[in-house]
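Every chain is named by a letter (A, B, C and D) in the order it is written, and numbering of its residues begins at 1.
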Amino acid sequence: MIISMRLHATREEIDSVCERIQESGYKVHTIQGEERVVIGAVGVGDVTACLESLQAMPGVENAVRISAPYKFVSREFQPQRSRIRVNGIEIGGAELVVMAGPCSVESEAQIMETAEAVARLGGRILRGGAFKPRTSPYDFQGLELEGLKLLRKAKAATGLAIITEVMSDGDVELIAEYADILQIGARNMQNFALLKSLGRAQRPILLKRGISSTIKELLMSAEYIVAHGNPNVILCERGIRTFETETRNTCDLSAVPVLNALTHLPVVVDPSHAAGKRSLVPPLARAAVAIGADGLLVEVHPSPEKAFSDGAQSLTIPQFGAMMRDLAPYIELWKASREAA
Amino acid sequence: MIISMRLHATREEIDSVCERIQESGYKVHTIQGEERVVIGAVGVGDVTACLESLQAMPGVENAVRISAPYKFVSREFQPQRSRIRVNGIEIGGAELVVMAGPCSVESEAQIMETAEAVARLGGRILRGGAFKPRTSPYDFQGLELEGLKLLRKAKAATGLAIITEVMSDGDVELIAEYADILQIGARNMQNFALLKSLGRAQRPILLKRGISSTIKELLMSAEYIVAHGNPNVILCERGIRTFETETRNTCDLSAVPVLNALTHLPVVVDPSHAAGKRSLVPPLARAAVAIGADGLLVEVHPSPEKAFSDGAQSLTIPQFGAMMRDLAPYIELWKASREAA
Amino acid sequence: MIISMRLHATREEIDSVCERIQESGYKVHTIQGEERVVIGAVGVGDVTACLESLQAMPGVENAVRISAPYKFVSREFQPQRSRIRVNGIEIGGAELVVMAGPCSVESEAQIMETAEAVARLGGRILRGGAFKPRTSPYDFQGLELEGLKLLRKAKAATGLAIITEVMSDGDVELIAEYADILQIGARNMQNFALLKSLGRAQRPILLKRGISSTIKELLMSAEYIVAHGNPNVILCERGIRTFETETRNTCDLSAVPVLNALTHLPVVVDPSHAAGKRSLVPPLARAAVAIGADGLLVEVHPSPEKAFSDGAQSLTIPQFGAMMRDLAPYIELWKASREAA
Amino acid sequence: MIISMRLHATREEIDSVCERIQESGYKVHTIQGEERVVIGAVGVGDVTACLESLQAMPGVENAVRISAPYKFVSREFQPQRSRIRVNGIEIGGAELVVMAGPCSVESEAQIMETAEAVARLGGRILRGGAFKPRTSPYDFQGLELEGLKLLRKAKAATGLAIITEVMSDGDVELIAEYADILQIGARNMQNFALLKSLGRAQRPILLKRGISSTIKELLMSAEYIVAHGNPNVILCERGIRTFETETRNTCDLSAVPVLNALTHLPVVVDPSHAAGKRSLVPPLARAAVAIGADGLLVEVHPSPEKAFSDGAQSLTIPQFGAMMRDLAPYIELWKASREAA
């Protein structure tokens, strides 16, 4: 920690700060600047409580931590990139993994038709919501258990792995029986009760960044899962909330290289939720591959104009096929750069 | 709904849109503008799914709903302001209610000293966290059940009502045994599993606005609770996330009159979390009273520099006393304007 | 400056950083932490260039400045609050100053009727735009010189001081002939050519905060004006851009106490532009007075529904009168607290 | 325009609205909905003033315009993409144009070395600031005329076209003598006095998006330039201000396809300012090419650690060379897709 004292901080204020630092287990280094005193706290101690109490002390201008607040997810802790294996696929490895499917599982016909197309056109994982987080209590809330069973059926028919969302710590066990990857939605990124229960789950987790969460907060939420026992976390950039209204959210693609520098965990991009408009999905997907994402999460629906949710951002099956063909040379370049790395 | 067609939308595209609207149960009104066709959908139907699918149809520029997406919480549904009774106090009524206490319950001595001071200095409700949402898994997570028992003890000693946070639908019943009001934190405002379970709780709910939630989303989350059976919801503005870094969050005080126009539910302000700095709490509290909030939620701690959490924004007991004295004439003006209304 | 080195920074990297710091005129203090090296740069030197180049050097994690980047506007430089005198009024002194008038000067009848009402109802300064910044080139751009002449006429008739906007460094001299205060709009807060020319103007400046400018950036822009020769700067909070759409902007009222701690310059609030809706102006004005603003800037128009611009947020004359009566007891409390301070 | 009336709007309120619409030159279409009345205004009239006054009228819930507020820059007005010719290069055409150079022109040696390298490594246009917008009045403000002369020298030596920033309408003529393209910085995007003067300039304009400007506002500012006589406008995405602090700004790459759908003007991306960190520039540049930008604007400096400004985000010459090699296959794909389009 580095603590900057105010311009006219008194000797007593400085001494109290130094005492508080030492009580927390740190050593004190004082720098007498031209204008003000700056104090360094060195060592290992109870950093958050110490920091907050220092910020509350008289004479303190500012107190900041220098070390990262996360550990297990840090690239300093594990320099080589994590590869997460699921159903014979490796996320974070030599293959760019495409996860695709409808926003919600709506019927057997809908999910089987989509699954078959996703498998045929190059997707490796089928997405589809059975428990749906909806802003309105009056909107379709998902088929729940029936939806999970349909996803299992689609897996049996196509061999695709299954990813689906968990919304409550009470549902983790049930959903883990049916799904290969548990998806945590943006609105639950800081549902800490849920994060703790995921630490005990036997499935990889795909953790979506909250729409107003910083990259550091995303890593802290991943740290919760890892610290509670589950090292298999995939991060997902899906757009952040900004003032711009032409897109549903603003896709923060620079988060991909930023995360790659800070963490060893794989990072995928969801261009569908980021854009909120079908026409923007293929160009954003291209950019996500070019910038080095480990995979894509894309919404596909046999008839988006009849979808129960997210119709405006879902690709039709032919559009998904066209996007996969368009992506092919970019994926080749991606592979070449992975091999070179 | 109002649907604007693109400039060069074809006859077929327009016809398909009209059909889709009628399928959803609406009547169609077409306006042939100078440049483009605009279509009104009138009646009652499945608005969200229809809207999303219209946005996905060829030739559609834009589709927006006109009616509010919430009903029970709307002031159009119930013109007179709701008054929520708890422990002999009325929130939303003739009294401005001050809720105060520490961020976390830390020990018997700490909570008893604080409760006694809050009661003596004019607070009516004691706040204190037993289950704590913390960004880092390594930070203090609350005393949990032991904390709840200490809150009960403080209530017995002072007569103050108790408000404390619930983080998981699994904890609602337990916490409702100990608390008079269940607090939902900003990070859980869209934890829909939790919101649904609160609909079945026998306690009033204080629902904090998410740091990046719109006012409309806050009302939709309240609608979840009410639609699931619990009409006693208090809304809380506690600062939103913006680019500004001088304050922890930006206190959106204009949300108070905006909410008062849209909903009958009471609205309180939490200046402590909004500001993140102790010195800003009294001026923000003054402004919150002046703008017409129904109450305040304030962090107070006997020794903020030793607090396990939120020390920098907690008032000391003497500071809380000074703030209450400073507020007194503003509260008098508040009462006069309530009586006049 | 404090420079944190990366975890595995080499001896050479650390040495290069120390050299660069010394070249810029600073002394070096090295702290060897548990995990990484932190370097303090002490003294007086070319801080911005040094900081940017340090951030560019290998092995550097982060480099931050400790001292404030502004000087003349700082409360550390001048502890007592500035009082700015104009036309017999003091802004920042013992009186809360209300500036009111239409968005645009539209006609002689309109400005004379408004000026007379503003003077009668307790306003001290007449606002009115002659040169208008409009998002669209097709919207009314102001009466320009004719508008200035009408403002002069209104001043002659009522004794009110005049505030009007300057949009280009080429217009400063002309407008200074007609206006008592030169207003700089939010969009020009970082128009540095304009700021420099205002340093040479013989009039006080009202500088509006940019809609996405931090408080620090606002102070840096004020510093430009003061450093170029004009110490008479009034700051104005007028709402910032956030994700919320119920209001035109989000009024950051906590900026008032934050600014009061950082600078000696007066701070006024413009609730009209912040809210964008007439009904929100009186409650926001009340909150602005309660939080300690030195004045208000309010839009008033004899017939808002016929206004050339900003009709939705303009008060009618009777509404302005009602607001002034409503504010009276809050202004009394404001005066009492100023006298006590 | 579409005007939604409040739920309980009276007959008189509705009639007044209809009258106001007709006075502005529009025809009225009324839709009597289940819950409320919605009014369409059809035809050609004075849209902004009418809209604002409608929003101010009693009984009006909301009034929105349907047609785009810009005309000349719209793709509906000109379907084929604009190609802007400068110095034998075409921006918006068959070649992806790289503009590169230092943030500031600092010395003859610096600019000549950079220019030579940019030309050799595949850049087509040399960037370099002579008049610098700096947040602090104490930072380097540019070499001004001397800087312009050095740019001319660099052009003579290398054949590169020159782009440099204009900050005031008073400087347009002077700078147009030396530069091939006039750059307008993000902070001046809504400096309307400057925009009008650019309408009379004989040079193409590169207009940077303001850090908190919407895409619509960017187009409106371009419309100012075009409506005042200069059709040669290049748009530039350079990052927007969000809550994220890991990057200097958030690069809104989805703005590229959004703009391509709305306007015929070319769009380039500035990854250097968006990221603020050198290491993020090559991946962002790759993504910008993949998403379909017409060009790149990149900061390059012979010794970034000695730069007067923006050192942290400037590439060294070898890094620029590596980036250009890395981009080559992406540029090939870009060309193929342009030819196919």
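Rule of thumb we're sticking to: a contact is a pair of C-beta atoms (placed from the backbone, for glycine too) under 8 Å apart; a residue touches a chain by one contact, two chains touch by 3 or more.
Just so you know, these numbers come straight off a predicted model, no measurement behind them.
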B-D compared against A-D, more contacting pairs: A-D
Most widely separated chain from chain D, with each centre as the mean of CA atoms: B
Whole-Å separation of chain centres (CA-atom averages), chain A against chain D: 31
Approximate Å spacing (C-alpha centroids) for the pair chain C, chain D: 26
Distance from chain D to chain B - Cα centre to Cα centre, in angstrom: 38
Chain C, residues touching no fewer than two other chains: 212, 241-243, 245
Residue numbers on chain D that touch chain A, as the complex places them: 212, 214-216, 240, 242-247, 250-258, 261, 274-275, 279-280, 283-284, 286-292, 329-330, 333
Residues of chain D defined as touching chain B within the complex: 2, 4, 7-8, 29, 31-36, 38, 40, 42-44, 61-62, 64, 66-67, 76, 212, 241-243, 245
Chain D contact footprint on chain C (complex, rising order): 20, 48-49, 52-57, 69-70, 133-140, 167-171, 187-188, 190-196, 210-212, 217, 220, 223-224, 227-228, 241, 278, 304-314
